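Down below are the structures I want you to see.
Presented sequentially are two complexes of chain A, the first with chain B as partner and the second with chain C.
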Partner chain A sequence: MITWMRRNLFRSITDTILTVISASILGYVIFQVFQFVFVTGRWEIIQVNLKILLVGRFPEELMFLVGFSILATCFSIASLASGMNRPLDQPPTLAGKLWELFQRFGLIIATSAFLIVLAGDLDAVLFGAYVVLSIFAGRLFGTARRTTLLRRLPGWLWLSINATLPLVLIFLTMGQAALEEWGGFLINFYLAVVSIALSFPLGVMLALGRRSTLPLLRWLSTAYIELIRGAPLFVLLLLAGVALEFFIPASIAPDAIFRAVTVFTLFTAAYLAEVIRGGLQSIPKGQAEAGKALGLSTFRITFLITLPQALRNVIPAQIGQFISLFKDTTLAGVALSVFDLLNVGTAITKQDDYLGQGLIYESLAFVGLLFWVGSYVMSRESQRIEKKLGVGIR
Partner chain B sequence: MSPQLSTPSKVAFFRDIRTLKWALQILALLAVFALFYWLYGNYQENVAKSSIQTDLRFLDNPANFTIPGNDLDQSQPVRDAFVEGFLNTLRVAFIGIALATILGTLIGIARLSKNFMVRTLGTVYVELVRNLPLLLLLTFMNLAVVLQAFPRIENAWLPLDLFVVSNRGIAIPWFIGSPAQLGIGILSAALLAFVVAKIRIRQADKTGKQDRAWLVGIATFVVLVVLIWLLFGYGWELPYVDGRGTTGGLRLDPSFFALVASLVIYTSSHIAEIVRGSILAVSRGQGEAADAIALSGSQKMRLIILPQAFRIAMPALGNQYLNLIKNSSLGATISYFELTQIAQITVGNGSPAVPAFSLTLLVYLAISLVTSLVVNFFNRRLALVER
Partner chain C sequence: MSNEVFKDASKMSGGRESDDAIIVIEGVYKRFKDFEALKNINMQVGRKEVVVVIGPSGSGKSTLIRCINRLEAHDDGHILVDGTALTTDIRNIQEIRKETGMVFQNFNLFPHLTVLTNVAIGPRRVRGLSKSASEELAMELLTRVKIPEQADKFPAQLSGGQQQRVALARALAMTPKVMLFDEPTSALDPEMINEVLDAMKELAQDGMTMIVVTHEMGFAREVADRVVFMDKGEIVEVGTPTEIFDNPKEERTKKFLSQIL
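After this line comes the complex of A and B, so read on.
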């Protein structure tokens, strides 16, 4: 212990000074945060407005749709994750498993528990139990894929089975409720999921186009990608907010969600294309040449050999793209007056009961917590996958 | 008997790879044309229906709004307002890029420190900031810090009596004189300092002594600036509270402060990760060689590791600079009068939306292109020339 301290904290005089300074900064920040969270913070504003913050004024009788889509998402993620698992050489101990679980999802579990306590009613507790159940069911389904006849299913079919259910439910939910009832964290999450799902095919096409040997396709894709990447997302959203109706037939009559999804999809596709292009470039030439030697067509070489490997190699970067999209959905709130989490967070401090009491710290802290936990857990997972894939380690 | 060669049979026209390639390209072009035709047709139809302007004539209309801290007149054309907005965007971009690079580099180095506390502090900063939306940071800076934590002007904070910090902005000491004189003074000082540093490097190459070019260069620069200052009889001007406002010095808008602060905080967390990765990517042997010739820790960092790390970091850094410039458009959400805000206001005042926002997008595109040209130029200068 003392050796450790000497080595890590007090190597030299400068080092000691640095230690003292940074320790006092850290200590001050931690003290302030603790004081804010447990002493001075007035959290009843969050407790009262919890439902608005999470789902806006979503109609009560349609809430089951939201619930089901969340359950379906948990199920799919769990089943995909455990379906991909290769059996380990040594089965880990129960304690080891629990520790890994805690490391990976401790933050999410803690935040969910915190939300349930804040909500403080039986429904929330029950819903938490359902989520746990659906995760277990997903794990069972995923394990079944590894051990039973489901193993015969090709990968893409397995992926689409798992992806369809939550996506259908999410689209259904988005179609059901009118826009003015939408809001809160739900809108951020749904916008991110829907936009990334829609932009994926476009991104793959653009990436293939940019790598194509056909000059015309290459130029078109490059022009699109570079134009979009040179433009600020916020201005694109503003433009869509006032001008989208000029470019589509008058019969569609776009609402704010439609505008947001359009812009996020077109925008993310360009960035996703660059990510996927990176993956395509990482595949050694020999792969495609081997395909040629087997007499496969270019189409088959791309979709059976190079593209699957490329997509797998850049899973972490794709998750990174999703995280930044998730964070960028807040822009829709300001640019298109969507009632998203951040907008709700600033709006609730202007309610009659809380006006002028300086509660902006409390509400922004809550908003930040949700975004932070989401992004942090996802980025940790992507690092884990990166290690597992062994990309970049030669 | 000669071996029977299979004669290349005539490939059918529709299976010939060359035909297929052309057909595919023409098909793609047609699809894109069709898309544009459809969009353009819709546009024409909808424009005809709502009878709005579609050209850039609105730029000559009077602006009908003023920009705080700027003597732009209400009757001046929108064009001038756009130019002002463009300049404000550049201002934020320059200051933001400079500060974010410095802060990001420091934190990136801190994350690799041998000192546990420094390392932890760096990690906490990066992990905390990187995973928050920029807009949240900006809103927090604007609503919670500037408008709420900063005092009213009556009881403004006066750190060291040099600054005036209040919710009406931050006033800093500034020099008296015309900007042109200041610019010429600083430019000539910088030029001379550069020459002195070059001479030092040449001498060092001859004698083998340490050049300390940066140290000498910066010292020359400071001395020269002070000399020019004294020679021309300029002076500092300290800001002080004057009734409901501040007088003297340079007043930074509260929104300017909030925007720059949040951009710097956000971007520096990304730059820190890039710098950390690049330092780790410098091959180990370089650091070990520096240890072997008994360079001190800071010499090793300054002379051996960082120059090579920045070579690796350059493309990624350029991307972050572009992001910062594009993100400065968020200034519009806190009424900082940069390009996007100007566009938004003129559209609100009745300028046609499509041309106004398209113009804005083009300007951002131009800024991005110039920035990436500059970054590429430096990148080529820095890149290792291999075979």
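After this line comes the complex of A and C, so read on.
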């Protein structure tokens, strides 16, 4: 320890000075944060408004739908992820497994526990248990795919089953409650999940379109990608808010959530397309040639040989795109006046009980925490999937 | 196995089609921009014949066999494989690709699929075999190239020689009538060359029609029915291994052989 410090922190006079300065800055910041979190912070504003922060004024009797849609999402993600396992050279030890689980889910569990404690009621605890159950069920379902009769299911059907399940429930939920009634983190969550699920196939199609030998298809894809990438997301969202009224009477115009989903999907797809195109370009020509030599059709070469490898090679960039989409959902709140987490977060500081008390810090810290946890988990999972799929092994 | 008629016919420029020829190449040209990779190629390959193509690098050997399964499109002339003419018609191309197997210099195995799936993918997706039938066939072929125990591994976990044998099994899984080899041992470490050559020899003994582009002169001498020497996009000389190696007639052949032997 001492030698390590001497070598890494106090090797020379400049090192020592730098160490002392950065250590004091770090210490000061940590002290301030600690004080804010545990001493001066007034977290009752979060506790009192927890439900509205998470789901808005969502009708109590329809809450079960929200629950089901979240459970279905957990189930699908778990089942898809377990399908990606590849045989390891060594079976992991129990301790290793636990450590891996802790690394993967520790943060989520801690955050959920924190929320449950804040909520302080039995339903929250029960729901947490259901989430864990649905993840395990998803894993079982995923494993069953490789070991039972489900093996006969073609890959695309398997993927659609898993993607459709949560999407249908989410759309059902969105259709049941009036837009004014729901909000909070639920909006950000739904926007992100739906837009990710829809933008991925669109992005793949655009990437393939841009590499197509058919000129019309290639030009259309290129034009679309360049047009969308040239426009700021915020402008597109504002446009979706106002421009539609020029063409469609307000009475039948789709509501703000629908518009937001459309913009996020179209926007993310354009970026994804470029990422995936990069992945396709990284696949050596010999792969397609080997497919041709076997007599495989162009369609099969793409979907069995080149595309799977391309997608695997660009997992980090794809997840990066999804992470920024997740965070950008807050823009929908500002541009389309959707009552999302950020809007709720600022609105609760204007309640009579808290008005003018500067509680915006507490509120924004909570909003930031939720987004950070979500993004960090996605980023970790991307690294894990990358490792599982053996990127870099050639 | 050897076929005297063909050895003679092939020497004539503009060789004629025969019932017994499985591959007929007539007056074929191939240009890459300003560069002429193939100039007026004429040759026929008989059933069960093993033809080894040799020549300096850049002489058009690889281009020639890549034209046979349309990985390159020839510009002039005709190519017939088992009676089917290679044209721009995609159905003909697919038909010919089903009948010809190819082994590449760099293996070109599919890295995201297991060894077994690599071999099974052709019969399953092109011939339409069931999953279990295609895997059974794949296992049989892996046994034939002597690596059944590697079936569940991924290509990257295998040595170069093993990978090339998987590639051989993958091509054979389509039960092709002709096998094309594009420098199959050039990317291998010396100690692995023989295991691949042995597998190829066995294949030749089983009566497979083979066109082999290679620098392995020992293999050519031992296995070839005919050796074709190419230089600068032309067929310079054709003959039995003894004729070519021991008694070359053309100046360019002599020069090439003196450089490598």
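What to note about this one:
We take it that the second predicted complex is superposed on the first by the 369 of 394 C-alpha atoms of A that agree within 3 Å, B and C clash if a C-alpha of one lies under 4 Å from a C-alpha of the other, contacts with A are read in each partner's own complex, and residues count from 1 in each chain.
In this section, contacts are C-beta pairs under 8 Å (C-beta built on N, C-alpha and C of every residue); 3 or more make two chains touch, one makes a residue touch a chain.
Here the structure is a predicted model, which means the values were calculated and not measured.
Of the two partner chains placed around the shared chain by superposition, chain C is the only one that A:E289 touches, whereas chain B remains out of contact. Shared-chain residue A:I109: touches no atom of chain B or chain C. Taking chain B and chain C in turn and counting the residues of chain A each one touches, the greater count comes from B.
Applying the stated contact rule after C-alpha superposition, one finds that A:I360 touches chain B and leaves chain C untouched.
In the superposition on chain A, contact is made by A:S297 with chain C only, not with chain B.
In the superposed model, A:I305 lies in contact with chain C only, and not with chain B.
Judged by the touch definition given at the top, the superposed model places A:L214 against chain B, while chain C stays out of reach.
Of the two partner chains, neither chain B nor chain C is touched by A:A144. By the touch criterion defined above, A:L62 reaches neither chain B nor chain C.
Taken together, the two structures place no residue of chain A in contact with chain B in one case and with chain C in the other.
The part of chain A that touches chain B in the complex is made up of residues 7-9, 11, 15, 18-19, 22-23, 25-26, 214-217, 220, 227, 229-236, 238-239, 242-243, 245-250, 323, 327-328, 330-331, 333-334, 342, 346, 358, 360-361, 364, 367-368, 371-372, 375-376, 379. Touching chain A in their complex are the following residues of chain B: 21, 24-25, 28-29, 32, 39, 42-43, 45-47, 49, 113-118, 120-121, 124, 127-128, 130-136, 139-140, 143-144, 148, 322, 326-327, 329-330, 332-333, 340, 343-344, 347, 353-354, 357-358, 360-361, 364-365, 368-369. Note for the complex: chain C touches chain A at residues 69-71, 94, 97-98, 100-102, 104, 106, 108-112, 121-122, 125-126, 131, 152, 154, 156-157, 167, 170-171, 174. Within the complex formed with chain C, the chain A residues making contact are 86-87, 151-152, 284, 286-287, 289-290, 292-297, 300, 304-305, 308-309, 312, 389-390, 393-394.
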